[in-house]
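Chain naming follows the written order as A, B, C and D, and within any one chain the residues start at number 1.
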Amino acid sequence: MGDNLKTLSLDEVAQHNTSESCWVILYGIVYDVTDFLNEHPAGPQAILRLAGKDATEEFDPIHPPGTLEGYLSSKTKVGKVDPAELAKKAESGVAASTAPERDPPLESLLNLDEIEALATKKISKKAWSYYYSAGDDLWSKSYNNAAYRSILLRPRVFIDVTACDLSTTFLGHRVGMPIFVCPAAMARLAHPDGEAGIARAAARFGAMQVVSNNASMTPEQIVEGAPADQVFGWQLYVQKERKHSIAMLERIHKLPNYKFICLTLDAPFPGKRELDEKMQWEGSGAFTVTAEGKGANERRPGGGGVGQQLFWGTASDLTWKTTLDWLAAHTHLPIVLKGVQTHEDAYLAAQYAPQVKAVLLSNHGGRALDTAPPAIHTLLEIRKYCPEVFGQIEVWVDGGIKRGTDVVKALCLGAKGVGLGRAALFGLGAGGEAGVERVLEILKAETETAVRLLGASSVDELGPQFLNTRILERDIYDGPSGLDNSKLWSKAKL
Amino acid sequence: MGDNLKTLSLDEVAQHNTSESCWVILYGIVYDVTDFLNEHPAGPQAILRLAGKDATEEFDPIHPPGTLEGYLSSKTKVGKVDPAELAKKAESGVAASTAPERDPPLESLLNLDEIEALATKKISKKAWSYYYSAGDDLWSKSYNNAAYRSILLRPRVFIDVTACDLSTTFLGHRVGMPIFVCPAAMARLAHPDGEAGIARAAARFGAMQVVSNNASMTPEQIVEGAPADQVFGWQLYVQKERKHSIAMLERIHKLPNYKFICLTLDAPFPGKRELDEKMQWEGSGAFTVTAEGKGANERRPGGGGVGQQLFWGTASDLTWKTTLDWLAAHTHLPIVLKGVQTHEDAYLAAQYAPQVKAVLLSNHGGRALDTAPPAIHTLLEIRKYCPEVFGQIEVWVDGGIKRGTDVVKALCLGAKGVGLGRAALFGLGAGGEAGVERVLEILKAETETAVRLLGASSVDELGPQFLNTRILERDIYDGPSGLDNSKLWSKAKL
Amino acid sequence: MGDNLKTLSLDEVAQHNTSESCWVILYGIVYDVTDFLNEHPAGPQAILRLAGKDATEEFDPIHPPGTLEGYLSSKTKVGKVDPAELAKKAESGVAASTAPERDPPLESLLNLDEIEALATKKISKKAWSYYYSAGDDLWSKSYNNAAYRSILLRPRVFIDVTACDLSTTFLGHRVGMPIFVCPAAMARLAHPDGEAGIARAAARFGAMQVVSNNASMTPEQIVEGAPADQVFGWQLYVQKERKHSIAMLERIHKLPNYKFICLTLDAPFPGKRELDEKMQWEGSGAFTVTAEGKGANERRPGGGGVGQQLFWGTASDLTWKTTLDWLAAHTHLPIVLKGVQTHEDAYLAAQYAPQVKAVLLSNHGGRALDTAPPAIHTLLEIRKYCPEVFGQIEVWVDGGIKRGTDVVKALCLGAKGVGLGRAALFGLGAGGEAGVERVLEILKAETETAVRLLGASSVDELGPQFLNTRILERDIYDGPSGLDNSKLWSKAKL
Amino acid sequence: MGDNLKTLSLDEVAQHNTSESCWVILYGIVYDVTDFLNEHPAGPQAILRLAGKDATEEFDPIHPPGTLEGYLSSKTKVGKVDPAELAKKAESGVAASTAPERDPPLESLLNLDEIEALATKKISKKAWSYYYSAGDDLWSKSYNNAAYRSILLRPRVFIDVTACDLSTTFLGHRVGMPIFVCPAAMARLAHPDGEAGIARAAARFGAMQVVSNNASMTPEQIVEGAPADQVFGWQLYVQKERKHSIAMLERIHKLPNYKFICLTLDAPFPGKRELDEKMQWEGSGAFTVTAEGKGANERRPGGGGVGQQLFWGTASDLTWKTTLDWLAAHTHLPIVLKGVQTHEDAYLAAQYAPQVKAVLLSNHGGRALDTAPPAIHTLLEIRKYCPEVFGQIEVWVDGGIKRGTDVVKALCLGAKGVGLGRAALFGLGAGGEAGVERVLEILKAETETAVRLLGASSVDELGPQFLNTRILERDIYDGPSGLDNSKLWSKAKL
């Protein structure tokens, strides 16, 4: 590939840096992407900022293999560059780095905060900003965890706790523990092991993984080599261009490890993640596009971080009946609805059983709407207003889990499983596949300890009698239930 | 002007620095203001501190054009000074300034706190102290915002949120969004664009502006060039000398953009704003007037900051029936009552419809009485004790708004509009007209995001079902309602 | 006096430094106080630490004139010392002091915290430690103020507040304002103006002053030159040796400005004030007396600060009927009971009207029992359980007052007056008499502002309708009322 | 001993550092402990980390005398080492230490925090980490104390408090005060005085001591020389190998000072104490065993701190009836159940009276399950759900006691006694026996002061009327009581 292409100088390429003639270098090949600018899922700005330059380093960790071939025809190739010239230029831009400090052994990291601290040191500022960021003032992100801390445990004594079994089932599939990996995008920003590394780590614990629609590896790569009984779900952001989503569903259907579709509902519009958005102002070029970028900024004040770029093609017009009917026409897999934040929507979801088999209570890790309720709030709302939901569909939660006691608290209140988002990514950042394994190892052991010290021997024995939720109960919604609100019901178009 | 005046030396002028002979230099002309000392709206001290000196720099940003001509007859001109001598003296007082750090582009500022941070760097300490200050310990100022954070949102999912319309009406006039600019004094302290700059920025968003009675530009200047459909209100502090207020109303009536009078009730006496008051002790002269200033200090402990000076001529004797009747005799414009802080007074206000068309719930940005309730408290009180008010008059709020989620929360609870005070001034300080535009752009975008992520498409769809206000409800007044309190009713002289 | 005494060298005096022969130098005279050691009200340790040394500097600010003559007969004088030798020794112990920073003018201090900050710089560490200290962890001291902050105000608008009258009465005596000075010991530790300086400052505001039983000036000195209508009370700590208390009452009866006896009940035993106690370990000698001091430490762990020394002779066996009967036999003045902290005791006090005319709700400035309730708690308890008390006796409060809004809140809840303790002492420390005046000036002006901004014109108009106490009400005692508790009643020996 | 052993070089010993040939040096003798590796109560890792080295310093402070003889037969002795060579090696590893700062006299330390601060300076990091550490995020440890602070006292006045008697009884045995020393392991880590030093200090106050199952001295040593009426309890962790526990009970029965068996229930599995576990990563060797240690880490993530090592042989299969029946067969002493954390278990315990004579409400100093409730919560639960328990058995508490007011609050709510854990160890660290004495002296004096200032004269007079527990009551469990939960009851196998 590229053998019969003419060699271009970097200076020559650099002149094609406008929307009228836009060239970029990828893996040593020069592409003319002028015509593609408006087709790019993340908008023209995402490319224009790299116009005339080598974009490989930015492109590689966030695009699955095959992306290039899928979107750019070979006639867009206009030449190649001299690798030596490229290397020389890259070198001149790199500060003399000091010898890296030696990382502590993963075994010496004792909790998820220590894992995150190591990952923060090791990954790029851009990756950290994307992972760490959350909506507005990070209130929901922080409260997601604090809400668990406000629940007191009620340990019973004089009970034989020699044995302890964490295994359970999700949608009827047996898994090793009630902790699973949530869809979280762009794993290769943290480490080349990427989503496949997470999958291999999860396999050791029989843990379930829901793969992000915005994964940085292909769905095929991620499950490659997975045991036949390893359970995966595929997250779906329905695209404005429905055909893209349909095509993806067809690919998923060919991979038997994928057992369900996880339809994300809590981000019909991108949240405002300032840490992420701030990154576009770091480094070269940012200040020069201000005037030109004005139009885009009106749509997306603060400009586009990774989160806004990923959102670009996502549909904002999903509705209960229309979307679920459409989905039924294109997949036989059961549906899990992610992002439910009120008891009303949990109740509505249960009306769509058995097509819908579970809800994942989530405020998107605090990344969508700041001051949205933590999953534990929604869980308590469901217990209060419509507990029958627990008998109709499975209820999973995510957000704010840092300790085994957090896991146990969610399970005591009726959650069937508890998802990890950032923790898996930070594990990856701290040590690739082994880092994810350490995250799961820590949390599994903490959960076993908590189950035992409560006086139980398995997750099935857990229940609300082990908790004092009084502090939290004071804050749970007690206004009129939307279950009687005909206006909202009609919107749901049951 | 001043051509036929004799030239005086600065030393000569400097000798006239007492209450017996008081000269000041303004724009190069020397005035003898001895006879005017006791007529000055902010009291003699405000002038005496500048006696014998060039007062132009202090005078200019806080007096609208025409002030000089209106108050000082030409016979008070006693000479002129040599501009070169003045310039030389000014220069000698200026420290060699370092090259100013380049400001970040406004687009890179992502929220109102970042705007405020930049303005804090750019404006004078005096301006900052006046804007930032609030009563006593700033408790109410801080709680104004914290109260919003304690409300949780309840986002609904699976709703088409492609469209989002923020337009609404105030008193029947259509505006582009429910966010308006509150009366806030002395805009030119922040930037020469002043209140007119705010007006031009607001025009781009179809946003309403209420102009301060203490604006640093004339009401004519502020609306000059405004589109015919741009909505303005005029704030009225009734003066002890009612004739001044009547004259001002007559000027306002000639300017069709002004659609209502906003009568301020929450500052019948100046609050204690220590940051502002402290400024009189900064710089030259402060410590030498101690003995002389004693009498004044007994009346105004801490001496007079900008806030106390502005208050000087304001009436403290307004009452419901007398004042509203007087107002009816002098203006045909509808009345908005600003500073209502209890459900009792909101209820009373509604009794005066249709003359009174709205109340603006406000604790004066925390600048009047510290530990006064935030507007969101009063809003919840009205919902609890006399919800019929929402059907009789419009209810607006201000104070503590920092995020689009704050805007949405106020609207969900029945507010028709949400006002910005300091945010507009800090926007002006950060970048003049463009800075105000950035403030409005940020807040509008955040509000749209919040509306969409709640599952709504317009402000009309918002309602209390989208909120969990339980934390806040715990703190809302539940004592006996003053609606049954005959003593308070009789005071109101209905 | 001393002329016919022989001159002793400092070295000679220094040898008499044990409990077997203990000499001290006071005002240049050498006393043999060996026999007096066990009679000293603060115990032998208080003297032994100064044995063989010049004790004038420690003695002077805490003993009223006449103390020396009253306790030591002239035969204890054993000689005099050479003033020059004394001065030389003192000098050698003083570090070369830098030129003192100029204090800011009192008018530039805007609130009580700023006054305290200045006083903290100016007074000795020992004085500061005694004033600032409170029980254990200073929890009650801090909560005393925080409790006020948790009360929200409810300002009413459209009310004529041109006039504002703070005058009121205490026990039928007219005073200029509802703010009074509480008994607080050892004023001369802060400034030579002492309690008399406080009295002169209070006179300017027509403010009442309750003089401490442990004042550093005589009761005669304090009221010397006071206007006939200035109101004073005398605080009584009943002494184990009742005759001392009786003698003091007789002195008080001769001074018509003293209108009542304030009997202190909240310190039958000294609280643990660690800052104060720590002072004994500062400087020379402390570590050498450890072994000898052991016995004393068992009785008073931590050793004796100023507070414990002052307590030494105080009776711990007061009871309702016995003590009040004894008091009735020795004074015609009305009684105010200080230190009431429960509604039960307020109720009991009212049973003793008209001898008892008022209670002063107080936790001793947080200096007695840590986690004792603030006065505002007790006030709310009385309102809840036995509001009839307000009609039977006057209820005063102290502790934690820092702002005019605090004063207004106490008054709205039924307090007739509000006392200042540390604030007056810190005022004295900041500027002597003028500093106390500044404290009262600030607090009076703040109170007037708060009254006006609430929509009232005098303290009589204040009432609970101006407050939202909901946050605080949640924490008020709601257990069984001791009013029905026969065991506690019988203890009270009604 | 060892005279006829051959002398081995340190290099020679160092080669036996694997699980296939493992030698260690103890007190100058070389032992071959290869066969003992799997018998060691703390697991093979605890020894392997010292393989080939002098283990004396690590071994000595945590093993009672006789341990060596009891576990290792004389044929495991393989040689001796040259003391001079050993000393030389030790020396080379010690940094030149600066002259130690002189400690402040114990009398100058005024509260338990100051004692802890001094101990923290003086003891080894390993000892501090073991004592200070608690579960996960130390939430329960911190809340244990904070819960006391949230209780307000209600001091009564006008009561004779001259006398004050703190004496009380435990299980019918008279003690000098209601404060006792809890079982806390490894006292000699803090100071060579060890548990015997605690015992001698306690004797001075007539205070009870419960001796840890993991004491670093023998039960005989600890009570040696104790007065006949000094009360001790013996803590029992039932061992997997029951015969070890039975043997220990037999030893205890021979020592008449031991009046009861304190059976610990709150740690059937070791909590996660990260500070303690982190210590294994400090210093040499830690990073080299990673690969080999992997298997162990899967069982005990984070590796084993002192706490996990001590736990090694402990049984996890205790149950109500089986265990108590077994215990009845092996001891005539009354049983105290430690670690009860719910009212349900307190109720169950009372069903086993008179064999069970008391419960010790405890969350193990926050060291077992983080977010477990403080003892004061459980106390309030019992008062709410099953107050009859107080009449059937004694209720003791521990955890979080720092002040005399804390002691008084527990007693007012029905606790018969209040235990100190870390405080005694930190006292030992600060000054050996004298430091423990100072701890008890401080707390006794504070308790007397609190009793007096409440208006009481003895612990018998204390009761709930002296407390305002409203803040805490809000957070007490109010879910369904497990007393009606047949599932949990059946587990208890009554």
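Definition applied: a residue touches a chain if its C-beta (ideal position, glycine included) is under 8 Å from a C-beta of that chain, and two chains touch if they have at least 3 such contacts.
Note that the structure is predicted; figures quoted are calculated from it, not measured.
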Partner chains that subunit A and subunit D have in common: none
Same or different contact residues where subunit C meets its copy subunit B, judged by the half mark: different
Distance from subunit D to subunit B - Cα centre to Cα centre, in angstrom: 63
Centre distance in Å when subunit A and subunit B are each reduced to the mean of their C-alpha atoms: 45
Sequence positions of subunit C contacting 2 or more other chains: 474
Pairs of chains found to touch, sorted by chain label: A-B, A-D, B-C, C-D
Touching residues on subunit D, where the partner in the complex is subunit A: 136-137, 139, 265-272, 274, 277-278, 281, 286-287, 290, 293-294, 297-298, 300-303, 316-320, 323, 337, 339-342, 344-345, 348, 363, 368-373, 377, 474-480, 482, 485, 488, 491-492
Residues of subunit B that touch subunit A when the two form their complex: 104-105, 107-108, 110-111, 149, 151-162, 403, 405, 441-442, 445-446, 449-450, 452-455, 464-465, 467-471, 474
